[in-house]
Amino acid sequence: MKVGIIGGSGYTGVELLRLLAPREDIEIAFVSSRALAGTRVDTQFPSLRGFCELVFSDPDPEAILASGCRLVFFATPNGTAMRQAPTLLEAGVRVVDLSADFRLRDVAVWERWYGQEHACPEWVERAVYGLPETHRADIPSAALVANPGCYPTSVQLGFLPLLEAGIVAPDSLIADAKSGVTGAGRGAQVPMLLAEAADSFKAYAVAGHRHLPEIEQELERMSAEPIELTFTPHLLPIIRGIHATLYARLVDEDVDLQSLYERRYAEEPFVDVLPPGSHPETRTVRGTNVCRLAVHRPQGRSTAVVLAVEDNLVKGAAGQAVQNMNLMLGLAETAGLRQPALVP
Amino acid sequence: MKVGIIGGSGYTGVELLRLLAPREDIEIAFVSSRALAGTRVDTQFPSLRGFCELVFSDPDPEAILASGCRLVFFATPNGTAMRQAPTLLEAGVRVVDLSADFRLRDVAVWERWYGQEHACPEWVERAVYGLPETHRADIPSAALVANPGCYPTSVQLGFLPLLEAGIVAPDSLIADAKSGVTGAGRGAQVPMLLAEAADSFKAYAVAGHRHLPEIEQELERMSAEPIELTFTPHLLPIIRGIHATLYARLVDEDVDLQSLYERRYAEEPFVDVLPPGSHPETRTVRGTNVCRLAVHRPQGRSTAVVLAVEDNLVKGAAGQAVQNMNLMLGLAETAGLRQPALVP
Amino acid sequence: MKVGIIGGSGYTGVELLRLLAPREDIEIAFVSSRALAGTRVDTQFPSLRGFCELVFSDPDPEAILASGCRLVFFATPNGTAMRQAPTLLEAGVRVVDLSADFRLRDVAVWERWYGQEHACPEWVERAVYGLPETHRADIPSAALVANPGCYPTSVQLGFLPLLEAGIVAPDSLIADAKSGVTGAGRGAQVPMLLAEAADSFKAYAVAGHRHLPEIEQELERMSAEPIELTFTPHLLPIIRGIHATLYARLVDEDVDLQSLYERRYAEEPFVDVLPPGSHPETRTVRGTNVCRLAVHRPQGRSTAVVLAVEDNLVKGAAGQAVQNMNLMLGLAETAGLRQPALVP
Amino acid sequence: MKVGIIGGSGYTGVELLRLLAPREDIEIAFVSSRALAGTRVDTQFPSLRGFCELVFSDPDPEAILASGCRLVFFATPNGTAMRQAPTLLEAGVRVVDLSADFRLRDVAVWERWYGQEHACPEWVERAVYGLPETHRADIPSAALVANPGCYPTSVQLGFLPLLEAGIVAPDSLIADAKSGVTGAGRGAQVPMLLAEAADSFKAYAVAGHRHLPEIEQELERMSAEPIELTFTPHLLPIIRGIHATLYARLVDEDVDLQSLYERRYAEEPFVDVLPPGSHPETRTVRGTNVCRLAVHRPQGRSTAVVLAVEDNLVKGAAGQAVQNMNLMLGLAETAGLRQPALVP
């Protein structure tokens, strides 16, 4: 089955290549990059030597349609997919958008947080939010899947059992989240230089991060009530990995949190609830599509603490996009996504 | 003036040497280490070549008394100072203890958290808790100063203005704290190997960390009411540095938080309140005695978010100990502690 | 096909598990660890959750024989395999030894460098040195394969074409080699702590490293003449990866070095010669069995400079061991070893 | 005494500020940065809060002359000082140039390696090469000092005793050098992102690096004969630090290398020869102006191996510039440059 990648030279695009190139059931028919058009993928990314003989192309819609792709990934900056995807969608090509263009159902909210007019509100309402753990039923038939953000994936999976069970105060939520630097993309920015970011740590965007409305929208679907979330992102001096430390005030203290989490995720192939007392490390999911969770109730007090780790480029981006692709194309949901993390 | 260091081969001991060896007003009369007794300090720590010709000695009380030291630092594991300090104190030698032995006023609480009987309860009540920003008046005349823990320093300095002003709910406090690996000491432990801890991140001791009772004790001094703190420590893959991200629910939303913080710390030489909207980086205090703070109120909601950074080995340990020594010996409080951070 | 792993809790043992556990053609019948006997593998190594339900066992020879294994890996410290392997070998179980016990053909040299008497000289001469690129013909029928050291693999693959072609002075060789910290194993040692090794760099064992005689032995097989190698290992603050920078004085300057390398390795599945002017990065082989090479002749002078990178745990240890196993068991040489490096 | 800094926002400029701002004998009268003109230094570099109230200015020559500076540092990209320094020099202002503009005595060689016409050949011959260990006599009276490159400093100090003694073959020299990322400057470049450079290692510019002619020029001054050096730079995933591993073939094997090094550097305040068998670590010079050396002769063979470490921003740039300033202004050579390295 043929698929294509638009925006193949950023971190999520290259991660799609890493995950898809070795597969025998999938053929990557094209990969585009405006900046690198005309150069071989493996001269830019020597780790793919032997796996990918493709040349970066321009993202020409006609060529894409002619390529015979059944599904196209957009691994582009925000604002691109909403302009280019409709042509493909109308021609019957299915789309998984890894950007934020179709994640927020309220277009006005999107426009406020992303600082531009939305080019394609009509597809916003037809898009399916691609978190399989909460929207699995709708993904197989979706024409357009809005792949969740990296932070939102871990925060949602962490809070989900508490909110569905209705046992925490929905206005008391805190997500103290830490991300490796690949979350900022592959653009050349001084604060992301090794000389600036290594051996240091900081919060950023405390006043308001674009993932806040996305998370609140989805948490409100889980809960019957309005959500108030304090979301604090931090920059970790690591390459890959998100660790979300989540806090919620329990309003029902009789529930066994460990069982609640184990039951909720018993059938999920990519959510792993650790035994009581555990502390998941980001490296245990390095390179894999797993979100690993632990739940605590320190001192037996009324605050639940959930620890959630994921690889921001895999379950937080390209891996989840492949999981969605698998569901959309009728393949095994786990196809191409089963291998142990690279530890140490 | 002569001082001595007991336990000079751990990270806080070596940091005391780094801070004190270049000073001309202080003479280090001895430095002990059971494990390294008889070897020159600078063969173990070549960074001190040219600054320190001392030989590690055994911690022999008679030799210490004979050395003429007016003040001795204990940079030893918990449980040592409470056994060895009393002899010195009774002989009139003043003591700054960098361990936890004299930090908790309630001996029963100490014994529960530290898993041993306290050897010297009578000095617990005479000890002064060595956070100058809250106990400055008592330090100059103290015989024994209990130097605060690394996490407690940043968490207290971060919450202090809010609690003194009485504008947050004292049972709503959350401290999501992240520490570099030197916080774990210089012992050889597998989880602290570069191969284990680098390029990864995790929480630890979520069920209960020994710094929790210390922090709660001191926060209750600031507040009129009982404190309930959720304290979550994390391990950062950096060498030095603590970042505490603090959350509290505002009960009075009319206070200008920025002014509150600026006023409270206007005269403090080692607390630096950043301008509104700032995000302090741990590297900006690398090697220095400064705690740098920023205060936020995201989305104008009712949760205050305070960001506090310090160097866990300096303001979180040896630097604060030197600050206390300066106060005890009648020196300028900032003596030997003024130089810019090593950035980049 | 059943295989076993003796010494499964060190880095090379866990790496064998990572490579073998997902395979469907191989069943890991047992994994031993004296220290961890009785505990589940995946409680110690959560990255293997879902891939491995084994419990660490004691390395009991009878149980091993009863397990039905056709091949056993020794991922043990030096000195273990030479004592335990003979029993297995005599019972017809084939062995891949990842330690140094059977690498040196001259037992006296081995005893001098490893500081102990050799327990099993008779198997030394029957062992095949497991570098497929130079000993492929002998490996399929070998009872005992001595898997090469991590440094020796990269240094040999780098020098091989030059020495086979006889175009460099064999007494002029220099190998300036740099290794990530996993090369030192998983033992708890102070110099390998993140707090000690991160953000720093040093040489070690300049006076003589145990890999020197191994490399010289094999380079002399390639060359007709005695070899004199200056070998300088360094410790890199990275988790995985070796970079060997190799220098040799050309005695025949008319040879096209690029073609020489490309021809020599044209058929090798795990040696990748980069285009002229390239600089291989260790990360491009992270997690893979590839050794990536580039050859230079700076300023057109008479010194050849070869750059060789490998993952010390894969091509430098467990991956090469699996490559040898594949050859010994008549499987495709590349089975289980084909996937792109984890980049970024 | 007043001094100025042109180009204060790059790493060497900021390092000059770190070293000079706390000094009481030096007043920084201005610091320029085209990009940041008009902004306070400490808003860009919060680590300088409390040490520097300066505002970045434009590098206006008239203002500089009016400022009353006796000495100006150029911490600018190559090609700037040769255009701007002459005006200052002719007005009697002394200059320390941290760029490469005046380092090569052969203007044609400079133009070939730096790819541009030299704007000021007449000052090239009047410039003094600012390595105090070899040019100390000429520096106090120099109008213009060409501060050495980072790699050249460590390579020269490492080879100096061997070449002065005439005991190595001058056409056999190899410098395998490794530098932290600050050596590449503060420009935003993708390969210097933490996500690209961390947890990896590579050589670069093997075909020819601009420091090669500089090193060869100076090594030829030390030796009576032409030098042939193979120079291989590598990128270390650390912030600061250079480690040069140097190789030379001994032509006189009777000399005691350890004594040779100790004697040569006995009076040097910033060169530290370690005891026999040592391996200097870059972190032992972190933040300091010291070059630390060890000399080996592995296996008693005929190759000398010298290990040299320095902080590329201090002894390799700003610290050496301050050392030169001290000599030029008649201050103690070590003024402002004596403090222990930041370890750990």
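For clarity, chains are labelled A, B, C and D in written order, and residue numbers in each chain start from 1.
Simple rule for what comes next: a contact is a pair of C-beta atoms (placed from the backbone, for glycine too) under 8 Å apart; a residue touches a chain by one contact, two chains touch by 3 or more.
Keep in mind it's a predicted model, so treat the numbers as computed, not measured.
Student: Going by the touch criterion at the top, tell me which pair is linked by more C-beta contacts: C-D or B-C.
Tutor: If we tally the C-beta pairs in contact for C-D and B-C, the bigger total goes to C-D.
Student: Can you name the chain that lies farthest from chain A, using the mean of each chain's Cα atoms as its centre?
Tutor: D
Student: On a C-alpha centroid basis, what's the spacing between chain C and chain D, in Å?
Tutor: 39
Student: Whole-Å distance, chain A centre to chain C centre, using C-alpha means?
Tutor: One centre to the other, that is 37 Å.
Student: Measuring centre to centre with CA averages, how many angstrom lie between chain B and chain C?
Tutor: One centre to the other, that is 45 Å.
Student: Out of chain C, which residues touch more than one other chain, so two or more?
Tutor: Residue numbers touching two or more other chains: 11, 182, 195-196, 198-199, 237-240, 280-281, 283, 286, 344.
Student: Which stretch or stretches of chain A touch chain B in the complex?
Tutor: Within the complex, chain A touches chain B at residues 174, 176, 178, 195-196, 198-204, 206-208, 212, 228, 230-232, 234, 236-241, 243, 245, 247, 277, 279-283, 286, 296, 298-299, 301, 303, 305, 307, 309, 344.
Student: Within the complex, which stretch of chain D touches chain A?
Tutor: Listed in rising order, the residues of chain D that touch chain A are 11, 180-182, 186-190, 192-199, 237-239.
Student: Provide the residue numbers of chain A that touch chain C in the complex, in ascending order.
Tutor: Chain A residues touching chain C: 11, 14, 17-18, 21-22, 43, 45-51, 182, 198-199, 239-240, 272, 274-275, 278, 280-281, 283-287, 290, 292, 313, 338-344.
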